[in-house]
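My questions all concern the structure below.
Labels run A, B, C and D following the written order; every chain starts at residue 1.
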Amino acid sequence: MKIGPISISPRTIRNLRKEFRSSGLARIGVVLVVLVLLAAVFAPLIAPHNPRTQTLDQAQLPPLGFTDTEQQTRSEMVNGSIETVTENVTVNATTTYPLGTNSLGQDMLSRAIYGARTSLLVGFFGTVLAALLGVTVGLTAGYYRGRVDDLLMRTADVSLAFPSLVLAIALIGLFSRFQADVAYRITDPLVSTGFAGWFRELVGLPTPMPETVVLPTVVILVVGFVNWVWFARIARGEALSIREEEYVKAARALGGSDARIVFRHVLPNAITPILVLATIQVAAIILLESALSFLGFSGTTLSWGFDIAQGRDYLSSSWWIATVPGLAIVLSVIGINLVGDWLRDALDPGIEGEGGL
Amino acid sequence: MSDTAAAGESRGAPAGHPDDVLRVRDLSTRFFTEEGQVNAVESVSFTVRDGEIFGIVGESGSGKSVTALSLIDLVDSPGRVTGGEVWYRDADLAEEFRDRLPDAVDGEFVDTRRLPKGVRRALRGPAFSMVFQDPMSSLNPSVTVGEQIAEAVEVQRRATANPRRTRSRTQGYGMGKLIADTLLPNRGFTSESSMNRAIELLEQVGIPDPAERAHEYPHQFSGGMLQRAMIAQALAGEPDVLIADEPTTALDVTIQAQILNLLRDLQEQAGTSVVMITHDLGVIARMCNRVGVMYAGQIVERGTLSDVFETPVHPYTQGLLGSIPDLDDPAPRLQPIEGNVPSLLDEEMGGRCFFADRCPKAMTDCLQPISEYDADPGSDEHTARCVLAEREFSEADALPPDHFDRNEEVRGDE
Amino acid sequence: MADQNTSRRRFLTATGSAAAAVALAGCAGGDGGDGTETDEPMDTTEGGMETTETAEPTERPEPTTREGYLQRANRLIHDEAPWVFLHRQFSVYGQSDDIEWQPRTDERVAAYAIEPATDSGDDVVMTQSQMDSGLDPQDHRETPTDNIVLQAYEGLLERDAEGAIVETLATDYQRLDETTVQFTVRDNVSFHSGDSLTPEDVAFSINRIVQEDVGIASPQVDQLLGVEGAEVASTDDRTVNVNLSGLNPIVFASFATYCDVMNKSWVESNDGAYINQNMEGTGPFQLSNYEQGVSVEFQRFNDYWDDEAAISTFTINAAGEASTRVNRLVAGESDIAVNVPPQEVSRVENNDGTSITAVPSTRVIFNAMRYDVEPFDSPLFRQAINYAVDLESIIENVLQTFGSATGQPTLEGFFGYNPDLDPYPYDPDMAEQLVEESGYAGAEVELVTPIGRYLRDVEIAQAVAAQVDELSNVSASARQVEFSTLVSQVTTGNIEDKPPWYLLGWGNATFDAIQTIQPLLASDGSLTSYSNDELDRLLDEAQQLPSETN
Amino acid sequence: MGYGRFLLKRGVQGVGVVWGVVTVVFVLRFITPGSPIDTVAPLDASQETRQRIAEELGLDQPLYVQYLDYLAELLQGNMGYSYISSIPASVQVFQKLPATLELAVAASLVAVALSIPLGVISATRRHEPADYAATSFSLLGISTPNFWLGIMLVLVFAVELNVFPTSGRAYGFGQTLAAITGPEPFFTVATAWLASLFLPAITLGTYFTALITRLVRSGMLDELSQGYVRATRAKGLPETLVRYKHVLRNTLVPVVTVLGLQLGTLIGGAVITEAVFAWPGLGTEIIRAINARDWPILQGSLIVIGCGFVLLNIAVDALYAYLDPRVVAE
């Protein structure tokens, strides 16, 4: 199989298949990832509600199965003084909001579904960016060695000396200067073509859905920039060993240009560990994105981390507001990690524990 | 208490020569893999006598290394010794277990397979020890050579220091002690005297400057030197039976002879019994008193060196020896025999002679399980798993040449 | 610099024309208006119902008093709607039943006002949202630090719980002429070190703020704008004269808010780092332990000039998360929790031994709409947004009643408040119609909100954006940014740097309308998002008249 | 290469890394919007006031002058003064450091104490229930955002069960030590301290416990298949020694390498854990400094972290050399 310059040998595919058959965990992982992917892609079709629609009179409804009647003391401010009213309040879980609602009466399930979009967009594009940067640096360093290598790897050391979360927070400050200038809203084709509306009418779901998807450009740039080091390290190691291979020496002897040799010979052979690392990095970046949103450094309000931060304020009264998005993160990241484990076991690229929050 | 694998009736130790130190009967080891059950060792029986070198020879994959590991209970998961008895002569041990495990004791012999796991483990070192094929990977790269030998010495010391030997060895060293030894200075598993003994051993195996080299790491040794160190380590426990698994395969030809001589000398000095496992008929011819030929997990023929080399009965043995003109000038390597060693997968074995598909003299009789036949009325030690030990080859009974190809197709390729 | 020149000009103009102010000197009291008077007799329409008449104020007679001008300014602002008027924020505290304490309007918590209700109420712990930015009482200007320094430092004047000016270290204060005011310094006051308070200390403390060569670049200097310096007038009479650059109608209100008095010799013999980690004031409490960024502990000062404090120790710590503050309160680790959010109120009330107290604060929350960008350059569109917001619902559901709706920048009870103006009603039809009339149908707008700076700020912004988005002819969304990012855009002095539509809160501790309208809405205001010649004129007129209160 | 030279080289590289950190922070400072003046000055401060504050903070100088000044001061051990509190940055940062160290050390102890046995058990009892439990735990551990875990722990153990404090740091290590001789009852102080440390340490430690468990497990499985394990068993060494002295030690070589690389993750985790638990440490300080554009504090904190990173990596290298004698030889 060939995808661009990357070719996947039949043996690799056989290994993947064999590992997939023998490992139940790999299957669970693939199922989870596919579910999250489907949720993200088809969010406008399957989300029961518009995730931004507020129903203030339906706020803080519990998830199904947690209907509760209790005596509540409700305090109200009346003309500057507190009045306390004790009343029996039934907090009805309803099938309209199967996972409950948050403090603004937004549907938790729909927000979790849409949150998958943000997480996957950031996870995917952030990883691609990190890989492009890191692989370029790593291959350059490993291929040229010597001073170039020293310089680039010391830069990597400096980068590692910054805790990535701290670096990300600092960089978001930097990039947010440009935030308004970068077109970060992309039209949701499912909605703009009217398909979502038609489909939702058909199955009886409320319309309309958000017409644009927020692409948190700044966060993507930042997480990509913060996580390049892991790719650089792997790519460098591969380049160092591959450049000593006979066929590379032969290509050099034949006068192939460096760029050509790197692109044609070194990169394709380094691709396996890079792919495996990329999978693990998607998980790491999703976690990083959620941490950034949690701390309030993200560009969108439709994010799991943001919802957790909001839910935290309601922990004592409405535990589900923080719990639902948290579970969404855990399940997605578990899925991706399991897929990563599967790829690693099947391809055995010899990387372990690289990458991280 | 006992996790003895050998169930069934108590038969006692097999009869044999009075000098036997080890009597192995029907030893079977299986590997339970995802592809299926692999019968790596199938009903292997042999004996080893005091002070002799018993050779086991076979192609790679024939199960000889697994046999060695089964003897000292070192078969790793997913493998397991599933049956058979390993009777080891040790009067003290026999006395200790005579009342507790009467089934496991017969005279001075003890069936190690029926002993508790801890006791079996404790026999390693003082009773059995082993020299491995690749010295470089068989020594821990991050511990000095001297330390590793000293550990073996220490095992022996602790065993003999305490008369209640099994207990002291099985429970003598736990986590608490390990942590204490690691954290406290001047404490460790090995003592200074065992280190000195290690240096002596290094000297004994011919390593120059042993005191200095003892503090070096394996990567600082050459292959030959390392194999000497391995031998020193194996001898540190003063074992009754030394199992040498392809001790020279990984070495240069020039060094091979030195190591073999060293082994031989040491064996003669100490009177240790040696089980020499190799695929090299030359080594067998040079070193061994008696020999067993392994094929597909079975010992297909065994006897004294001359029995097997001069009057081979089994067509496989004959094939092995086919091109060797003279015992005094053996070819160093096995000659290839047409066909492949079978996969040993249980489902593919069938109840037949495992060599039948490659055998030039395969007959219909060969399609049933073959037991060990006495091959030579003149020698009570020469046996063979071959119907030819009992009868002559007959063209009439011969299997058609494509017999197994057809079956092959029926079985289909997985 | 242009802003600065303009401000100066205004004070100079004021100086020239306001000789009458002198006579009013010495009147105390913070009663900015009892809320019933109005000098707008022509006002017959219901507030907020005007739709297209933007020239309304011209039909009214010219006001005659400062309060009248300010009320007129408020009306103009209400009609022109440069903001989406939201609400007055409430200060909500959780407090332990071990103490007796009433909160103040200006968000400050004085431990002096706390009394033990039970035996365990003698050692009081307060958890606020953040710690101090250093202990120098003159080198900060935000409530968390105020709350810490005010326990140990005092100014010449202070405010009582209702916001009225009371004497503390001054026993008397008066205007001598339009550029001079005089304070008489209280006798028998000693600092925590035992030094006695002298008029020299008072003059030095004032100069330390306003004269850079004497002290520090104090952020309080703008609060004392127009104060040029102070000197001891008479040591025997213990009087200090303060020189002004021109008439400042609210000079005493300013002194009642800032300008803590420090010990001159102590300041001069220590460096900035020391002054920021130690305290030497005259207040009822003295510092006993300071862990920067973690906690400040005070103990009762036994030589206080007034009655000794009722409690013996007072500890202040901080937790940025509201739920954490409430957790500490409920667990008994803390006696006062500052800024309890609405959703935690029942938890505090339901817990044995804790309860909620709340007062309206001096902070107004609003959404500024830049007058110079489309579509917000249309007053009709701005009004439409105001009609589109269901303020009642936001206050009921998002703030859970802890807020009161506003329809003008000045809060009730402040000097210059116009009682005739009601909040805009919720009327989406009217809003849609106004949007059509404005010519901006189909506009897309984005509301920028800081995160966690104000009570439920993000939720409020989301609710506002969602409600505006409900209009058939406008689409709106909310975007959150770090508060510091928003601040950096808002404070550049260029209106172009600001987001077109943003949520902000404004606290005004002087209880005077001018301190809200001038910086936020006047053409030359330092934070302005708006420009209107008529408004500028009204403010100029107001500043040329003395405030009735002083 | 001699051991001394090896360390010296790492030391020189470390100084380079710290210099790099300083430079990067300066670059960030130049290109980051939001002047510190905005946070020091009140919202409605006049431009003149802003100018005065800028002069006082030295912000009116060209950037390269500020940079060179800073480097010169730094060489004398001066990290500048907080824009906000005017307290020397070194004082403010080092006051916060113990709390973070305490948290990081506690989390590391939790991680090492739990993960190594878990990893060993998991590897030596492969495909047994213990292995499945350990594998599931570690998978969950590396997949759970630690801030969410912290919140959930607070919800369960502090809010619902009320067995641990919800937040904050009680006493600290120093004060607990002092209580041995001090007037406060030691037991009460120590209990309060440990109780306040417990949930944050678990929150921060879980990811690392899970990560190390995975590393140890897979490393151990690799290592157990090595020939020397069989040889070591063949000479009769007790299994404890085989597993811990021989196999685990070799397993730790790659584990230690990875941990050296993950120190940044530990600090990053500490930042967010501190945010969840209102833990008054360096992380809280960093977030505060970033929000307030308090550059001297941010810079000081990052330099301290950078130094810590360099020192710990030298320590890791030394440990590596101890664990794997081949490193020095190369």
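We adopt the following convention: a contact is a pair of C-beta atoms (placed from the backbone, for glycine too) under 8 Å apart; a residue touches a chain by one contact, two chains touch by 3 or more.
Everything numeric here is computed off the predicted structure, so don't read it as measured data.
*Asks:* Quick one: which chain's Cα centre is the longest way from subunit C's?
*Replies:* B
*Asks:* Using CA atom means as chain centres, which chain is nearest the centre of all the protein shown?
*Replies:* Here the chain at the core of the arrangement is D.
*Asks:* If you tally contacting C-beta pairs, which pair wins, A-D or B-D?
*Replies:* Answer to which pair has more contacts is A-D.
*Asks:* Where the CA atoms of subunit A average out and where those of subunit D average out, how many Å apart are those spots?
*Replies:* About 24 Å separates the centre of subunit A from that of subunit D.
*Asks:* Would you mind pulling out the distance in Å between where the CA atoms of subunit A average out and where those of subunit B do?
*Replies:* Comparing mean C-alpha positions, subunit B is 55 Å from subunit A.
*Asks:* Would you mind pulling out the distance in Å between where the CA atoms of subunit B average out and where those of subunit D do?
*Replies:* Averaging C-alpha atoms per chain gives centres 52 Å apart.
*Asks:* Averaging over Cα atoms per chain, report the distance between subunit B and subunit C in Å.
*Replies:* So the centre of subunit B lies 91 Å away from the centre of subunit C.
*Asks:* Could you list the positions in subunit B whose residues touch two or more of the other chains?
*Replies:* Expected reply: no residues.
*Asks:* Please set out, as single numbers or ranges, the residues of subunit A touching at least two other chains.
*Replies:* Residues 173, 176, 312, 315-316 of subunit A touch two or more partner chains.
*Asks:* Residues of subunit C touching 2+ other chains?
*Replies:* Where subunit C meets two or more other chains at a single residue, that happens at 321, 323, 482, 484-485.
*Asks:* Throw together a list of every chain pair that touches.
*Replies:* Every pair of chains meeting the touch criterion: A-C, A-D, B-D, C-D.
*Asks:* Could you please specify the touching residues of subunit C with respect to subunit A in the complex?
*Replies:* Interface residues on the subunit C side: 90, 321-323, 326, 341, 343-347, 349-350, 355-360, 393-394, 396-398, 400-403, 451-452, 458-459, 462-463, 466, 469, 477-482, 484-485, 499.
*Asks:* Show which residues of subunit D lie in contact with subunit A when the two form their complex.
*Replies:* 13, 16-18, 20-21, 24-25, 28, 31-34, 139-140, 142-148, 151-152, 154-155, 159, 207, 211, 214-215, 218-219, 254-255, 258, 261-262, 264-272, 275, 286-287, 290, 298, 302, 305-306, 309-310
*Asks:* Of all residues in subunit B, which touch subunit D in the complex?
*Replies:* Residue list for subunit B touching subunit D: 69, 72, 74, 76-77, 121-126, 128-130, 132, 134, 137-143, 148, 151-152, 155-156, 159, 169, 172-175, 178, 189, 217, 219-220, 230, 233-234, 236-237.
*Asks:* For the complex, give me every residue of subunit D touching subunit C.
*Replies:* It comes out as residues 33-35, 38-50, 52-53, 55-56, 81-82, 84-88, 91-92, 95-96, 154, 158-159, 162, 165-169, 275, 278, 280, 284-285, 288, 291-293.
*Asks:* For a test of understanding, state which residues of subunit A touch subunit C in their complex under the given definition.
*Replies:* 52-54, 56-57, 59-60, 72-78, 80-82, 84, 103-105, 173, 176, 180, 296-297, 299, 301, 310, 312-318
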